[in-house]
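Below: a set of structures, written as structure tokens.
Below, chain A partners chain B and then partners chain C, in two separate complexes.
Our next item is the complex of A and B:
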């Protein structure tokens, strides 16, 4: 992999370097320029990063990663950097700096934003790491496997290149399972239901590898009597890996699948399944990428389940989840999405014993799978090592089940489960709610 | 007619203020991103929290785990502000009464001590040293000497003030402006998303 990068670096022309720098500058707004002027390199951010906590070395300090970017900014965009480069640490944009950027922003960062909260100054570092990723993307330096995921979404409407026929057949099969589970032949997984209130979107991994989580969500909708649908064509996949390649035009094209499906089907609410980056992409970044406000609300299924319970539309029996459960806080959902309480309220009602991690919520550690890390094979070793911090957090709770409202996190947690011998089950929140559901029909089926 | 020294300090201060203002204007010239997503929380509440609650040790692991550096940083900045206050008094020819001078002297003493300890930390900790540029040492040294000499005043102190003020827009001391800009943006960003203050948007 390192050889691949070196080949790409060797092939860089002066024009490509200039293009990367131009794209970087173009991406900067007043806020980002202020951040680049603000870091005092106090180093207190070091241990806020799970990479640094797992491997305490200089290159893992968030301020160091930021400084690689700031050094180029100082050299090319500030008088002090041009006149006194040695004094202020300014460095010209060359192959060495490109290599440092790739390593820092792709190889040692999951864009979790924990450093922002802990920064003495208050610098939202991921915004600058995104600018750097975007510049590298313009130079063709996004890791191939990450870019391939984006290409799948652009070409097939979903990141796993699932064809329409396969998707619809999977849904029909899950519907049969749902009917058997609920004992209700009317329990449905509606497809392309024109005018349904909610358009539900999922991570393609649910169709491929985790049908039970999709079935669980459907069961909750069934119990709540929700008017919902899935799209059969583009517009059912909530993921958007262009959030991680930071190529905004591609991100816009992908999120447009969702807005087009909302228009096509005439739905009122866009419901994002359990996926952190999918939520941030649709709820927060989508309108920015498309440069327009959405004419409909975007909500997480966690918020919806919280509402159902609050309004008495569904009822749960926590004793049906008797084992200790802990909750993982996906960075894109909690720190960048603002959704930290609904899932807690839902779980407090649905499980017998919720044991919180320490720290939790806004301060929780990234599992290590964010920022596109799961799709970048060359950094797998680092990802698993950095995930050791999360593994320790889980082990300390003594929980037997980890609720993770994000399918990317679930993948990473699954790997951590094996790597660190955690011996836990990993489930979505909907799976736990579905297991605890109490309805008259279910009472007959499951006495 | 001000003395040449006082004139020098005033000219240095004018340079510093102008330099910082230009830097701020230059940053603003990069433009401002229009936001389209419907807010979940109140950006203003986020900004208030960013400048208050978010800086408490209880809300910040980096502070909790580095309380010594945090306290030293606070004392250092208190010393710098005390020295700047004293400089203004000196320039306008007003001598603070003894009751005021005593706490000011205490701030200056603690500030100088804290500045020195932070400089030592930067020199001695390999990781922090690796993170540093010459600018980090120069900035600390200039500010610490300025605070330390404020205790005795006189010509050398005014010269140190001139050196410090001239350096302000050149190196990282520009954070005297950009700290506030960055923190305001952080607060507005997280406030809008309902992250700041914690539990705000979805709390019941």
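Our next item is the complex of A and C:
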């Protein structure tokens, strides 16, 4: 992969370099430009970054990553940088700087945003790093495996290129499993139910390889008597990897699958399954990308389960989850998405012993798999090393189960489980709720 | 980049332990991958049933099968498949069947 990058760098023309720089400038909004020269080098961000905590080297300091970007900005966009580059730390946009950008924003950053909230002056690092990723994208330098996931979504309507027939057959199978589990032949997984209240969306990996979480979500809807549906065509996949490649036009095309399905099926509420970046994409970025407010609410299934419990629509018995459980905070859901308390209220009701990590919530550490890292194989070694911080946090809780309301995090936590021998089980929140459900019908079939 | 010593040769693996060149796959190589990548000392008949089906699907369609198709064709229960391959269907079974790493959150 490093060889691939060198080949691409060698092939860069002056015109391509100029294009990248133009795209970068075009996407720096006014407020962000001022932040490019605002860093006072206090160093607080170093300790906030999981990459730096795991490997304390200069290139892992967020301010250093930002400086690679700011140096190019100074050289090309400021009078002082043009006239006295050495004095103001300006660097011309050449292959060496392109390489430094790729390494900084793709190779050493999961866009988790923890540096930003710990920054003395609140520099919006993820936003600036996204502008840099977008510039690199315009030059054809997005890592191939990350881009392939976006292409799947654009061509097939889901990021794993699952065919409609395969998707529907999987749902029918899970419906049979759900009926067997609940003992209710009326337990359904509705497909294309016109006018259903909720359109539910999932991560394709649930359909392809891990359908138990989908079954658990369906079981919760069944117990709540929810009026819900899934779409058979485009509009069932909540992911949007263009959030990570930062190509907004492609991101807009992908999120439009969801809004189109809402219109097509006449649903009232768009429900995002347990996924960090999918929630951030649909709830917050989607309206920006499509340049329009959505005429319907976008909610996480975590909020919905919280409501069900609060309103008494479902009932749970926490003793059915007797082992200590800890909760992972996906960056895109919690720090970027603002969903922190619903999952905690749900778990406090559904498990016997919730042991929180330190720090948690807004100050959580990234698992290491965010920002597209899980898809970028060439940085796997760094990803697992940086995830060591999260592994230590998990181990310190003594929990035997990690609840992780994000499928991307679940996969990374699975790798950390193996790498650091944590010996934990990793589950979605819905899986824990489904295991704790008490209903009259379930009381009959369960001893 | 990784590498696997196999029959006196070196087989290139990518950073995640998948074959760099999926066409090099054969059953003896699957056994070597099982040991080095999945920590499985021996592959049972059930392992082979799953691996062969995944490989055949990949050769026919160029993609991994749905786990639904794996269960339906092999007759094995879903939980049994998870138990057979500790790293899961993607990073476990597909890797041993010599497929490239699937796209998506895996």
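As a working rule, the second predicted complex is superposed on the first by the 447 of 447 C-alpha atoms of A that agree within 3 Å, B and C clash if a C-alpha of one lies under 4 Å from a C-alpha of the other, contacts with A are read in each partner's own complex, and residues count from 1 in each chain.
We adopt the following convention: contacts are C-beta pairs under 8 Å (C-beta built on N, C-alpha and C of every residue); 3 or more make two chains touch, one makes a residue touch a chain.
Computed from a predicted model, the values in this text were never measured in an experiment.
Superposition model on chain A: chain B and chain C are shown accommodated side by side without a clash. Within the superposed three-chain model, A:175 lies out of touch with both chain B and chain C [touch as defined at top]. In the superposed model, chain B and chain C sit 140 degrees apart as seen from the Cα centre of chain A, a figure rounded to the nearest 10. Of the two partner chains placed around the shared chain by superposition, neither chain B nor chain C is touched by A:356. By the touch criterion defined above, A:159 lies against chain C but remains apart from chain B after alignment on the C-alpha atoms of chain A.
With both complexes superposed, B is the one of chain B and chain C in contact with more chain A residues. In the superposed pair of complexes, A:239 makes contact with chain C only, with no contact to chain B.
Of the two partner chains placed by superposition, only chain C is touched by A:208; chain B is not.
Of the two partner chains, chain B is the only one that A:89 touches; chain C does not reach it. Looking at the shared chain after the overlay, A:184 reaches neither chain B nor chain C.
Once the two complexes are laid over each other on the shared chain, residue contacts for A:260 go to neither chain B nor chain C. Superposing the two structures on chain A brings chain B to within 25 Å of chain C, judged by their nearest Cα atoms. No residue of chain A is contacted both by chain B in one complex and by chain C in the other.
Residues of chain A touching chain B in their complex: 28-35, 37-48, 56-58, 61, 63-64, 67, 80, 84, 86-89, 116-124, 283-288, 290-294, 297, 303, 334-342, 345, 359, 361-363. Those residues of chain C that touch chain A in the shared complex are 1, 14-16, 63-64, 66-69, 71-72, 78, 86-91, 101-106. Residues of chain B that touch chain A in their complex: 23, 26-38, 40-41, 50, 54, 60-63, 65-66, 69-70, 73, 125, 127-128, 130-136, 138, 169-172, 174-175, 178-179, 181-183, 185-187, 189, 193-195, 198-199, 201-204.
Touching chain C in their complex are the following residues of chain A: 1, 145, 148-149, 152, 159-162, 166, 169-170, 173, 203-205, 207-212, 239, 374-375, 377-381, 407-408, 410-411, 414-415, 418.
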